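Consider the two complexes below, in which chain A is the common component and chain B and chain C are the respective partners.
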Partner chain A sequence: MSTETPGASTDAPIRVLLAKPTHDCHDRGVRLVARRFRDAGFEVIFTNFLLTEEIVNTAIEEDVDVIGVSVSAGGHMPIFEDLLSGLHSNGLDDVMILGGGVIPHDDERTLKAMGVAAIFGPGTSAEDARNLIVQKFGGTVEA
Partner chain B sequence: MFDEPTLTSSQKQAAIRDEQYERMLNRFGNSAPPSAHAPQTHSGLPIKTAYFPHDVEGLDFEQIGAPGQYPFTRGNLAAQYQLMNWANQPVIGYGLPEDTRTRMDMLSARGMTGYFGQKFYNLVYDLVSHEGIDPDHSSARGRIGQCGMAVYSKADMARLFDGMDLTKMNVVHITYYQVIPALAQYIALAEEQGLTPDQLRGNSMNWYHQSAYVGMSAFPPASAQKLAVELINYCAQKMPRWNTTNLFGYGVEEAGGTAIQEIGLMLAYGIDLMRAVEASGLKADEALPRFGFQIAQANDFFEEICKIRALRRIWATAMYERFGAEDPRSMHVRIHTHTSGACLTAQQPLVNLIRTTLHAFGAALSGVQAMEVSAYDEALSIPTEESATLALRVQQVIQEESNITAVSDPLAGSYYVEALTDQIAAAALELVDRVEAEGGYVAAQQKGWIRREVEASADRWRDMVNSGERRVVGLNCYQDDEGEVAEPNIFKVDPNVEALAVERIEELRTSRDAARFDKAMGAFREVAEDFAKKECKDLGSCELMETAIEAARAEASTGEMMGVLKDALGWRAPHEY
Partner chain C sequence: MRRKPRDADYYRQQLLQGDRVALARAISAIENERADTRAVYQAIAGHANRAHVIGVTGAPGSGKSSLVNALIQEFRARGQKLGVVAVDPSSPFSGGAILGDRIRMSDHGADPGVFIRSLAARGHLGGLSRATARVVDVMDAAGMDIIIVETVGTGQSEVEVMEIAQSVVVVCAPGLGDEIQAVKAGILEIADILVVNKADLPDAERTARQLRDAAGLASSRDDKVPIVKTTAISSEGVAELMQYLDDRFAGFDEARRSDAALERMRKIVTGAASHRLSEWLQRLDTDEFDTICNSVLRGELDIDDAAIASARLALTIESEKD
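Up next is the complex of A and B:
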C-alpha cells in the first residue's frame, strides 16, 4: 500500500545522509533507521565520520535533502555546531538536519534553536522520523 | 533421570493438566494473548506452558552434573557465593584521571568489593582514546573525558593511580582497539614503581572481534586477530596473572542479538581464536585459563539464566573436545555480567532500577563471577554519583539480604530450567555450525554475515515493540502523560576538562626525552610494519608488545602508538571492509 502525500512534487527519491561518529559503538539505532528509510523508498547514504567536514563533503557530493546524525556517547554539541556552520558556509541551508541518540533535553532545546529540525531520542521510532521527512519533502512512502 | 513409574505418572498428570489448560484457553477465546497459545522465549525459542519430568527424561545427567564438575553447567566451582560474593565491578570513567579517581574512591568507600576483599576497578577509557587519537586532534573536541576517562599516556596513568599499590588491586582496562597501547602504558607505569609485569593483576579486553557487530572504526579483522594473539602470547610469557581476553557477548545483545546469538557467536569466536592461538605455538592450557566473558543479563528472566548455564556447558565441551584442554580453568566460563543497557528506557528512568534489579538477581541465580549493574539514568547520560551508588546498592541488597547466596546453582533440577538450558545449548551449537560453515568467525565477519544475523534480530525486536507484542513499560504501555515527566538530574563532564587534557598532552610532547622517544617509536614502527606481513604461526616472539612497552616508557601517547598501528595494519569503518 502506498500513501500519496499532499504536495508531492517529484518522483525523485528523497536523499538522506545518515552519519555516526567513528568512536561511537551504539549504532544499532541509526542502522535500523537506515534500513527503514530504504524500505520507505528513500535513497540512503550511511557513513561513519571522524571529522564533521566529512559529513559536509558527503552532503555536497551526494546532493542530499536530509542529514541525520546519531550520537549516543556524548560530544554531540560540537558536532552539530560544526555541521551547521559548515553547511551554512557552503550554502546548504535548505538541508534538513535531524539528530538522534542520547541527547539530553536541555541540549535538545539548544540544538533546535540552532536550526536542527528534530531530535529522535531513545523510545522514538524510525517511522516518526520518516513521517517528518515526508511531511517536508513530499513524495511517496511505501507503507 | 526418572524411573518408569514416575515417567508414566508424569505423562498422565501432564495430559490432565494440558486438557484443563486447553479448556481454559478456549473459554478466553480471542481475548487470550498469542503467548498463551504458543509461548516463546525472547530469542524466539518455542517453549511449553508447563514442564514435567518427561520433558527432561532425554537429558543426560552427566550434562548437568555438579557445581565444579565438567561440563560445568552448574558453575565453575563447588562453592558459588558461600565463601566469596561475586565481585562488584561497576564501570567507572569520566573526565580527567583525577575525576575518575574520585569516583573510584567514592565507590570503594561505599563498599565496592572485588575478589577476596581486594580492590577492583573496572575502568573505561574515553572516546578519544577509543578512536586512537590524542586530545589535541581536530576531531577530539566534545569527546574528551566523555563516556570514559581522559587517559592517554603513562603520565595520565600515574595521575589516575597516584599513591596506590598496583600489586594490591585488580584493574580492568576497558579499551576497544587501543588495547596494546593501554597495556603497554600500564606496564611502563608499574615499572616506575619498581614492579615487574608478572606482579600485575587485571584484564585487557582484547575484543577486536566486536567489530563484527558494532560499527566503530577498526583494524581489518585478520590483522586484528593477530593483535589478539600477540597479546595472549606476551601475557603467557610475562604476565601469568593477567587476564588477556574478554569475549564480548554483551555487545551482541546490545547490538540487538538474541541470547542464542550472544553465546553462539562467542563460542564460534573462541574456536576461531583458539585455532590462531594454537598456530602461534601455545597450547590450550597456556592460554584459556586467562580468558573471560562479558555477558549481558537482559529481560527474559529464565532464558537469560539458562543462557549462562548453557554457555558454561558448550564452552567447556568445545575446549575439551576440540582443543584438548585439561586444566579445569581452561574450561571455565568466568563471567562479568553487565546488566543490559539496551533494555533501559529514557522514559520514566527510575523504573530502570527495577529492571536492573531483576537482571542482577537473575545473574546471581546463574552464578556469575562479577557484576556491573547499569545505573538508572544510563539512557540519559553518564551516571551521577547518586545513580552509581544506587546501582552498587542493588548488588549489595541481593548479596546481603536475599539469602540466595547460600546455595550453588539453586535453580538446577527445575524441569523448565534444565529443558531450556538444553534447548538453548542446542540452538547455540547450531549457530556455531553455521559460522563454521562460513569459514569460521573471522571469515564470517569479513563477509558481513555476523552483522546481518545480529541486525535481523534487532529488526525483529523493533517490529515487536512497534506492534506492542513486546511490551516495554513507559515506552509502549503505561506511558506518562505528556508534560508530567520531571527531567532528572543529568551528569555533565566539567567543561574545563578539555582544555586541561590538551594542555597536558602538549606538555608531554615538549617535556619528554625526544631522542629516546624517536628511537622507541622508530623501533615500534619497524616492528609493526613487519607484523603486518606475519601470519599467526610467525607470532610468539612478542616484539610488537615489547617495542610498544618501550614506546610507553618513552612517554608515547595512545594516539601516537595507535597511529603507528593504523598506518601498518589499516583502519576503517567495519562496513567498509
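Up next is the complex of A and C:
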C-alpha cells in the first residue's frame, strides 16, 4: 500500500514547532502562522499553551528545525532565557528560535543578542518568517 | 543546513539506552531516508518485538487523541514507558501539514517516561505514513514497553494499522452514522476492541448496541470483539479498556503471533488489492469507459455489468502499462 498522491514531497520537509506560553491566550496570530507555514510545505507541530520545559521536551521529541514562540502577555524575557538554556543543555543549539507577539524593541535587541534569530511582532507578515526559514534550511518558496 | 548524519555506534550507544535526542534523530532518519537510515537499522536489529503495540483508529473527531491521553495516564501510573506515534494528514497541495494531536496529550508534555512523535502522512494513504512501521521498531528498540499508534482520522478503508499493531482499538462516537455505516466492512472489521467514546452523550448506549449487532455481522473472525464505553476526558471506562488490552497481550505467544500474522497478511493483501483497483478505476478516462457509461445511460447495460466491464478495462489498461 505505497500509494503516493501528487504533492508529496521527496525532500525532507522543514519541521517547525509553534507554541505559546501557559499564561497567554492570544493564539489567533499563531494559528494564522501555522496555516501559512503549512501552505509553504512545512510540517508544523501545533501545540497549545506550554510551560517552557514542555516546549523544550516537545522540540526534542519532534526533532524540529525551528521553534516559534509567540508571547503576547508579557514575561517573554524569562521564557526565552529558559528556552535557550533548556535547548543548550540538551545539545539543541542548532534549532532556529523565532519570537512573535508583543515584544518591546529594547527587549528584541537583548533577545537577538541571546540567540533568538528574529522577532515577528505586529505589522510583520508570516511570509517574512517563512522566507527567513527557507533561507536557512533550503527549499523553494512559491508565491 | 540540516543536521549531520550519525553512525551506527552512536545509535547503538545512545538510542538503545533510551536517549531521547537519539531516538528523535533516528525517527527523522527513517522518515526522510537520510544517509544514516541504514545506521539506525543496524543499531536496532534484534532489539525490537518486545513492546505491546496498540493501534488507535477511528473517524475524525471520535476522540482518538483524548483516549490516547487517558491511556498514557493509566500506563504511566503503572510505571510503564510509552511511545506514541500520532499521524496527521499532509496537505495534498503544499505537502505541508499541521500536526495537532499533541494538543490533546498535553498532560504528558514534560514526562520523561512518555515520548510522543507526530508524523505527517506525506501523501501515503491507508491511515499511516510510510515510515510508521519502522518508527514503531525504533521506539521498541529504545525500550518503550507500550507503543500507541494513532492513525489519521479514518474513513472506512484505512486499515493499515492492523499490519503493525497487536491490538487494534477502533474508536467510535455517538452521532457519527447509523447502523448501516457500522455493518460496512473495513475499519470495524479490523477492531480487536471497539470503543464507544464520548459515552456521556445521550446516544452512546444506542451506538454501542448498534455496534454490538454490527460487529457480529461484519466480523470475519470467530472471537467476539469486546465493546467498551469510555469517556476519555474523565477516564471513565479506560480501566476496562486497559483490562482487555492486558488480556490480549498476555495471550500472545509465539504460535499465536505467527497465526495472527498470516491472518492479518490475508487482510492486508486483499485490502491493498481493492485499494489498488479502486485507484485504477478512479483514473479511468478512456473512450471505452465513456462507451460503457453511455450504454448504462441508454438502458442497454445494467450497472452491475458495467461495473465488471469497467474493472476488467482498468485491469487491462494498468497491466499494459508495465
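Observations on the model:
Note that the second predicted complex is superposed on the first by the 128 of 143 C-alpha atoms of A that agree within 3 Å, B and C clash if a C-alpha of one lies under 4 Å from a C-alpha of the other, contacts with A are read in each partner's own complex, and residues count from 1 in each chain.
FYI, contacts are C-beta pairs under 8 Å (C-beta built on N, C-alpha and C of every residue); 3 or more make two chains touch, one makes a residue touch a chain.
No experiment lies behind these values; they were computed from the predicted model shown.
Of the two partner chains placed around the shared chain by superposition, neither chain B nor chain C is touched by A:Asp128.
By the document's definition of touching, of the two partners only chain C reaches A:Glu43; chain B does not.
After overlaying the two complexes on the shared chain, residue contacts for A:Pro78 are found with chain B alone; chain C is out of touch.
Contacts of A:Pro104 after superposition on the shared chain: chain B is touched, whereas chain C is not.
Between chain B and chain C, more residues of chain A are touched by C. Of the two partner chains placed by the overlay, chain B and chain C both lie in contact with A:Arg35. After overlaying the two complexes on the shared chain, residue contacts for A:Glu61 are found with chain C alone; chain B is out of touch.
In the superposed model, A:Leu51 makes contact with both chain B and chain C.
Counting contacts by the rule stated earlier, residues 35, 46-48, 50-51 of chain A appear in both its interface with chain B and its interface with chain C. Against chain C, in their complex, chain A makes its touches with residues 1-9, 12-13, 34-35, 37-48, 50-51, 53-54, 57-58, 60-63, 65, 90-92, 94, 136-138, 142.
Chain B contributes residues 127-128, 130-131, 138-139, 141-143, 146-147, 176, 210, 214-217, 251, 254-256, 342, 345-347, 379-382, 455, 458-459, 462, 466, 475, 487, 490, 493, 573, 575 to its touches with chain A in the complex. If you check the complex, the residues on chain C that touch chain A are 1-3, 20-21, 24-25, 27-28, 31-32, 34, 90-100, 102-103, 106, 109-110, 115-118, 120, 122-126, 130, 160, 268, 271-272, 275-276, 279. Those residues of chain A lying in contact with chain B across their complex are 20-28, 31-32, 35, 46-48, 50-52, 73-79, 102, 104-106, 121-123, 125-127.
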